[in-house]
Amino acid sequence: MKLNRRLFLKVAGAAGAVAAVPAATAKASTGEAEAAVSSARRGVLVDTTKCVGCRACEAACTEVNNQPEPAKLDDSAVFKTVRTTDTRHYTIVNAATMGASSSGSAVPARFIKRQCMHCVEPACASACLVRALNKTPTGPVVYHKDRCLGCRYCMVACPFNVPKYEYDSPTPFVQKCTFCADRQSRGEAPACTSVCPSGALTFGLRDELIETARERLYAKGSTYIRHIFGEREVGGTSWMYITDIPFEKLGLPGDLGTYAYSSLTQASLAAVPFVLTLWPPLLMGMYTFSKRREQVAAAEGAGKETSHE
Amino acid sequence: MIPHDILTLYSAKMIEYGIAILFLLLFIPFWKYVQGPSLATVPAHATVRQPAMAGTDWFPIPFDRLFHRGHAWARPDADGLVTVGLDGFAAKLVGPLASVGLPQIGAAVGQGERAWRLVADDGRAVDMLSPIDGTITEINGELLKTPEAAQADPYGRGWLFRLRPQRLRANSTSLLSGTTARRWMDEAVAGLQRTLSPELGALAQDGGVPVTGMARIIDPDRWDVLARTHLLTDDKEDANA
Amino acid sequence: MSNSTEGALPSRSWVTDKIFLGLPFADYLKSLATPGNFLAGLIIAIGVPVIVYRFAFGLGASTNLSQTNPWGIWIGFDMLAGVALAAGGYTIATAVYIFGLKEYHSIVRPAILTGFLGYLFAVLGLTADLGRPWNLPVPLFISWGGPSVMFEIAWCVVLYLTVLGLECLPPVFEWLGWKKALVLATKATIGLTVLGVILSTLHQSSLGGLFLMAPTKLHPLWYSPFIPAYFFISSIAAGLSMVIVESGLSHRAFRSRIDHHVDLDKLVIGLARGASIVLFCYFFVKLQGVADGGRWSLLATGYGYWFLVEVLGFILLPSLVFAWAARHANVSLIRWTAAWTVLGIIVNRLNVSVIALNWNAPERYIPSWMEVTVSITLVTLGITAFRWIVNRMPVLNEHELSGGRQI
């Protein structure tokens, strides 16, 4: 739609050297085109060692989305419980449990901002039967609410349990972080990354962010755990995390493979054309065979009879 | 898609192959067992046991035969002959039988013409009409010994005779089957119930079974006249008592 | 038909004849006062307001669904189990029309009717579950999510419902007496059957394929790349068992309408043999799934025991009992085993969608009383529709229009 095209043009202009990119969902057929799409992807690097838990990101998000202010914005007691996003709050910040960094010394409290990961090959988009959830080439997984049936398969498919449902509404929608796709189409950064005072959130091209992250991880004397969460998990996510405490303490799932979830169902869907092609001859063959046997049996039976009425 | 560690993969594969071989070994005897002949003979269910009847289901209609308004049925058989009998309504109407007077083998009967006589155990007799034209080829010998069979199992053991039909197709146009036969039967029952209900009391629409010898209950003195009315054999020329 | 019965039968309106079973309206109403109808009426009287409430006030007010557990029994039972148990339609149709097992043709029609109503009410259950059911035309006509398994299911179910509806037309045309339409409808039978098998293979397996997307949420004993195969194979056993159960109940409930010279017991024994073999293979396929994932150690956990209950108690056991009962011509035992197998299919579908899904989530799902009510109401409506149709149309018996030989 119009938004996508404008977004695409802006990105092409901003990136400067983008080769002809195929349409939003067509697979890139050459390495060059793939690199071009990849280089156009936006992402965010979340450096939890820099997050101070101010929750300015939460406030900015609710402001641009016309949602109620987050609860207890200036009360650190909110960190006592592990929260999840909900239908009116697309992002939340949780505190990690206190833990030792890889160097063994005690570390200050760590915080982690959670929101939609905007996966490179999102499970939700591949699950959605009407493309209500749709991956845009530059990163955001956007929601076209007019198409949505409310089947909630996206909620089952998402390994991060991101999509939230408006169960209390008689005309419910799925709610999740939009990566400020509309702001990005205007050339702006997402609201949360714009207000982060401590530099924990860095918005930019995904490939560049990975480089940045690697520099930090492998710098001399770095205390980071040498893993970028989201670089390859579930085929890669736009929001990536680096930290100096074990990732489980941040609440990030540790049992995700590196395969994209869309690949899980492709094998069984690939069987569909095979069934459509092979079942008819198989079944008609059996039908013909059994009809033939009937005819032969009937002919033999008739041959045995000597008189008719 | 489940990530395997290469070492467990070896043992997993061995187990899988093992299970597959085990299955194949077990499958052949299992198939033989399942497809083998039944150790017990299946009881023949050519006719269903008399069902508990309620409402208008007093006289269920078997759907493989043709009915004549005189409450007789004809069933074309695979060998080209036709089996003839009386229907459940007639059986219950007349009640316990002393004998059944069947036509002789070789005799010709006509559709709508008197073909046999039911003699009740009180001596009164009621004739019935043949459902089709034909020549008698066989009569049910069992009825000579146990005439109750005609009353107890009119669609099965109580068949009356078999004949070679002459004009089966033409005859069929005057006969009822399937849902039309059912409606006709329901009408006959309804008609009977209108006369019956004061007498039979509880044996009404919602439960109960038709009583053997319904005609006798309605009109003990002249039940045979009533029966002949229903069985369409109440000709004025017939002077039977 | 007969022209000499004009005197015997009073002329009746079409409505009286076809709808009110030939009875005058007052008598028809009186005949409806049976205990079965009373129970059904009670259930529907409670259920319909609940359904209205659900649509008026939303899912949150009427269900126990949550952000962690987005799917409940309307998906697990009404949709998944409903579709599996409606598989008798394509199973028996294949046996009769493709494999040429003509002796089963007396149960083809009730099997297809059960299938059609099963799918219809599964779709109604789905409609109750959808947040925005008025968008149902979207995946069909407006926006196509090709890579989605759900998309394939949506198309297959819509097409298959149509196929089943068409397959149900011959008894309708016989009931209405439309001879030309009947001939046309009957000619389409083989094509519709083949199409039905194809569509059934696709969506029965895809309903299982939905859960391929949840490797971290579905318990490893139930999660397998072979879930689609499990669902497809078990649907065959489900269909055969459901036909055994349905035919037993129908022959008792509709005594006066059945064809008296059909030996149902012999057919049931044949179906039991088939179900036995299918369940036997299904058991081994499930076993292979455990081996493939190297999951043996999990069998010793709580969920492992439950898995064993499902696999040994509801798959292997009925397979062996079906085999024994068929050999000993014990029809009553076959019927009980069939009901047991039906229960097992329901257990399996609920396991995959509700019980073993999110097994390790902090918040578990228990259906609300309204969800249970709606499910029971939909089943009751389905049974009532079945009875209404069977009491009027030649489903359990042959019609004179078919020339005594039912197609």
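Quick notes on this structure:
Which chain is which? They are A, B and C, in the order written, and residues in each are numbered from 1.
Assume a contact is a pair of C-beta atoms (placed from the backbone, for glycine too) under 8 Å apart; a residue touches a chain by one contact, two chains touch by 3 or more.
Since this is a predicted model, take the numbers as computed values, not measurements.
The chain with its Cα centre farthest from the Cα centre of chain A is B. Of all chains shown, C has the CA centroid lying nearest to the centroid of every protein CA atom. The distance from the centre of chain B to the centre of chain C, with each centre set as the mean of the Cα atoms, comes to 33 Å. Centroids of chain A and chain B (each the mean of its C-alpha atoms) stand 68 Å apart. Rounded to whole angstrom, the centroid-to-centroid distance between chain A and chain C, based on C-alpha atoms, equals 36 Å. Shared interface positions of chain C, i.e. residues touching 2 or more other chains, are given as 212, 215, 225. In chain B, 1 are the positions where the chain touches two or more neighbouring chains simultaneously.
In chain A, the positions touching at least two other chains are 257, 264.
Against chain C, in their complex, chain B makes its touches with residues 1-2, 4, 8, 11-12, 15-16, 19-20, 23, 27, 30-31, 33-36, 38-48, 51-53, 55-57, 60-64, 69, 155, 173-180, 182-184, 186-188, 205-206.
The touching residues of chain C, counted against chain B in their complex, run 1-5, 8-10, 17, 22-23, 30-31, 33, 212, 215, 220, 223-225, 255-256, 258-261, 263-266, 269, 273, 276-277, 280-281, 284, 287-288, 291-294, 322-323, 326-330, 394, 397-400, 404.
Put simply, chain C touches chain A in their complex at residues 55-61, 63, 65-68, 70-71, 94, 97-100, 102, 129-133, 135-136, 138-139, 142-145, 147-152, 154, 190, 193-194, 197-198, 201-202, 205-206, 209-217, 225, 228, 357.
For chain A in complex with chain C, the touching residues are 84, 86, 123, 126-132, 144, 147-153, 155-157, 159, 161, 164-173, 253, 255-257, 261-262, 264-269, 271-272, 275-276, 279-280, 283-284, 286-287, 290-291, 293-294.
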